[in-house]
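Letters A, B, C and D mark the chains in the order given here, with residues in each chain numbered from 1 onward.
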Amino acid sequence: MALGKNKWHDRYPELGTGPIPVEPYVSPEYFEQERDRIFRKTWLNIGRVEQIPQPGDYFVKDLTVCNTSILVVRGKDGEVRAFHNMCSHRGNQLVWDTKGRCQTFSCKFHGWTYALDGSLRHITDEHNFFGLKKETLGMTPLAVDTWEGFIFINVDPDPQQALSEYLGKGLRTSITGYPFEDLSTNCFSWHTDVQANWKVAKDAFQEVYHISTLHRRIIGDVYASKANPYANALDFTLYPPHGRVSLSANPGRKLTGVESIVQGFGSTVLQQNNSASEELPAGVNPTGYPHWSFDGLALFPNCLIYVSKGTYLTHIFWPITENLTRWEIRTYSPQAETLSGRFSQEYGKVSFRDTLLEDASTLERTQTMLRSGAKKEIVLQDEELLIRQHYKVTESFLNA
Amino acid sequence: MSKRQLPEGFQDLEPYLEWSLATDRERSIKRQTSPMTKITAFYQAVVPRMDEILAYLEQYPLEQVPADAQRLFYLTLSLAKIAPAVEMYGEPVPEGLDTLRLENIDIYPTRS
Amino acid sequence: MALGKNKWHDRYPELGTGPIPVEPYVSPEYFEQERDRIFRKTWLNIGRVEQIPQPGDYFVKDLTVCNTSILVVRGKDGEVRAFHNMCSHRGNQLVWDTKGRCQTFSCKFHGWTYALDGSLRHITDEHNFFGLKKETLGMTPLAVDTWEGFIFINVDPDPQQALSEYLGKGLRTSITGYPFEDLSTNCFSWHTDVQANWKVAKDAFQEVYHISTLHRRIIGDVYASKANPYANALDFTLYPPHGRVSLSANPGRKLTGVESIVQGFGSTVLQQNNSASEELPAGVNPTGYPHWSFDGLALFPNCLIYVSKGTYLTHIFWPITENLTRWEIRTYSPQAETLSGRFSQEYGKVSFRDTLLEDASTLERTQTMLRSGAKKEIVLQDEELLIRQHYKVTESFLNA
Amino acid sequence: MSKRQLPEGFQDLEPYLEWSLATDRERSIKRQTSPMTKITAFYQAVVPRMDEILAYLEQYPLEQVPADAQRLFYLTLSLAKIAPAVEMYGEPVPEGLDTLRLENIDIYPTRS
């Protein structure tokens, strides 16, 4: 690992090195532009295929930022479809649960009923309507596609790119072979609403510069070491609008008492020190570093995927207002086969979650101060490359 | 004579049964409302027994755990919950977002 | 004391006598104008110098109405300074405690460190930044000044008036010689969030017309008497945008049992009947009335200071939304030297606080009904002069 | 034989020790959860002794108060807390904002 000065920005000089403005984090007008030109135009990761394994399985996703609620359902033919969750009669929300399994969807308001493929099947007191064309009154579909088991939707009625084109070949092949499917049988997840702009939240999870300060007690020595005191990254590779970072571990770290106990049973924490000589999934540890920790994919606009050996996790940041964000965290791992395995997973869950609580401590405080107007700009260092790229990409979307 | 709550050989842990809690939320609340002296006492009682406990729990298939072993298992989940407090922070919860604001969500299908 | 009809409005005919509109108490748009044209432009009382007696002492004040949090600190040179409580890196809130003492301020996010004078001292992993000019990256200062030991800040980067000019010579000299410093060694204080517009709260404490009704059981006969049944004021003097009221006591009031016990030990309640023949502080009891009780200063926009013999108190009303206010009450008195003195202070504290609970009983109920839209106007009598002045002054700020 | 809790000469007040509470919050809660009969009984027991009590307490410097005198002092603070209820309102708390909504704030420096 070569620690160097400004090496990432030398690799991507087009991003510049200057400060970036505070306005995108606090302005309601900017937020409306993000809504219209980014969230209503791009592919958004809304979940995993494992959420709906069987025909008739569905889940509902409230997409406040796109002013809609989405119903995602697996049809009798095994296809995954997505619809605006809305009855064609007077617009009532069709499904009120967050998930379930059914044969048909029946509106609680007047009983109109839809098939799993979205077509309208039953109109209550139909003969009292006036020449309805039932075949034109199905649920309104949305563009939907999957990649590595992640379900993406696009609320644009006519998406400008297919999902595979939007993700791009570079990003897609960078992670080829990672066993997302095998690792997705078990999911621990949380969400919360934080009073911060969605980018304040995302920024906090797409740089590790803060680890040696904010997390010094929990994971201060997990990534940072004497040789690499600020946990500088092994690699940054950009696939605009997306990007990837690769992180090393501190090989000299001593496990705590309970960590030593846990270790024998496989934990859901990001495995911290994965030797390159071990069998690692293809498409990780791009530099082949002997003490690799994890790789992070930043999918524009609002999704981060962190992959390690034996476990991966996602952060998704759903804007609500310019000052409010629903933050979703999901960690994936294989099912534990024994109670000992469950204990070990529990430990991983707790220590990861505690780290999240520390991370979150800055979010609302930062938003409060950004709103003060005291400063018009913030400054970024070399290791905050993904934050800088996010800003530049956003500008290009807003000015397109 | 109170009834035995934990499996044979683990009765010495019965004074810590208040930590045998079935849900993550209960364990979170227990952690954040307990003083470090109580948390540390629980930690010190259970950690030296963990090899025995895990070996004992390994014998049961996940779907056939007797009630006394289940209680013992819940003790290990509470240990997982408080270990970072003892080993890393020296206080029940790290300075940060209130732990109860991170709501547990179950996104996978619930099959009966 | 000459009881008369409409005498205050005869003295200040420019204020008029008509009803005033309900809109300022309930309108979000009006609230935004108050935020921009009053709270972001005027000098605001945020505390006392006794809160930070030593170099390195600091306190933090959340100023939601100005969308900021303020750090007030005494420097090594003894100077009181105020800053937006914000790190210059990515905007995180710098200090998270409400008060304390330190040598430097270190950001918990990435470890940037500032001196007590606000200058940036340490940048973590500094060589990975891009030509930062450290000397331009200190905390953003705010205008700060003191008067009689009260600390005022102004979030306007370029205040239109100095503090002394804003307070005005009339107001300042009206209270000259009052021993604020001697009386500030002991502070009992409370706060609460009430679901009422900040002016509903302030109005309730800048008129005594309600005392003989709302407080009839606790202090009904403390100010009102047979000769002065509605506790009419001794004097109102306006120093726009501020003002002062002077109140008499009921000389015929009988003390209760415990009041008689307490009396020998000096209490923190406003001393109720201070004979003009006693030694009174200069700058109080402007009419020289023999049974003076207290004088109240109304500092625009949101601060009331009530001074009496041996004790004073402040109310500060911090707007949060048009329907929500943080109400802060602070009572000041000398330290008690004995347990008996402490008992006496405790009695004063309790009976004052009980009065506040009664006062507060109207606030949320009033706001609920003002929001109903049932009435567009409210009416004011002569003794509610300060409420009327507040409305007129606000209008002049909003229309300036 | 339980140990003497209050100073010599004030043992007759020991039945009222439940009112010897160290914090303002405890005293507020005690007041608002006690019926007027109990509040009045406490008032009537303590008021006639106040001259003696205050004279006794005056002998101690503020930083050297023995535990029994401290308990007696806390009784006087509870008297301060309930005196207005007895003498003025005739009910435990006046009609108004819930007393616990007025949060005590300590704005001055805390020095160790």
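In this section, a residue touches a chain if its C-beta (ideal position, glycine included) is under 8 Å from a C-beta of that chain, and two chains touch if they have at least 3 such contacts.
The shown structure was predicted, so the numbers you read here are calculated from the model rather than taken from an experiment.
A.B. asks: Based on mean C-alpha positions, I'd like to know which chain lies farthest from chain B.
C.D. replies: Between chain B and every other chain, the largest centroid distance is to C.
A.B. asks: Can you give the whole-Å distance between the Cα centres of chain A and chain B?
C.D. replies: About 30 Å, centre to centre.
A.B. asks: Go ahead and note the Å separation of the Cα centroids belonging to chain A and chain C.
C.D. replies: Centre separation, chain A to chain C: 47 Å.
A.B. asks: What is the distance, in whole Å, between the centres of chain A and chain D, each centre taken as the mean of its C-alpha atoms?
C.D. replies: Centres of chain A and chain D (C-alpha means) sit 57 Å apart.
A.B. asks: Which residues does chain B have that touch at least 2 chains other than itself?
C.D. replies: 95, in rising order.
A.B. asks: Mind pulling the residue numbers of chain A that touch at least two other chains?
C.D. replies: 361
A.B. asks: Name the touching chain pairs, please: which are they?
C.D. replies: Once each pair is checked, the touching ones are A-B, A-C, C-D.
A.B. asks: Touching chain A in the complex: which residues of chain C?
C.D. replies: Those in contact with chain A are residues 62, 66-69, 84-93, 96, 107-111, 124-125, 127-132, 137, 140.
A.B. asks: Could you list, by residue number, the parts of chain D that touch chain C in their complex?
C.D. replies: By the definition above, chain D touches chain C via 47, 50-51, 54, 57-58, 60, 62, 65, 69, 73, 76-77, 79-81, 83-84, 87-89, 93-99, 101-110.
A.B. asks: Quick check on the complex: what are the chain A residues that touch chain B?
C.D. replies: 47-48, 50-54, 57, 59, 99, 101, 187-192, 194, 217-218, 256-259, 261-262, 265, 328-330, 336-340, 342-343, 346-347, 349-351, 353-354, 356-361, 363
A.B. asks: Can you check the complex and tell me which residues of chain A touch chain C?
C.D. replies: 5-6, 9, 17-18, 22, 25, 200, 203, 209-210, 212-214, 229-230, 232, 361-362, 365-366, 368-375, 378-383
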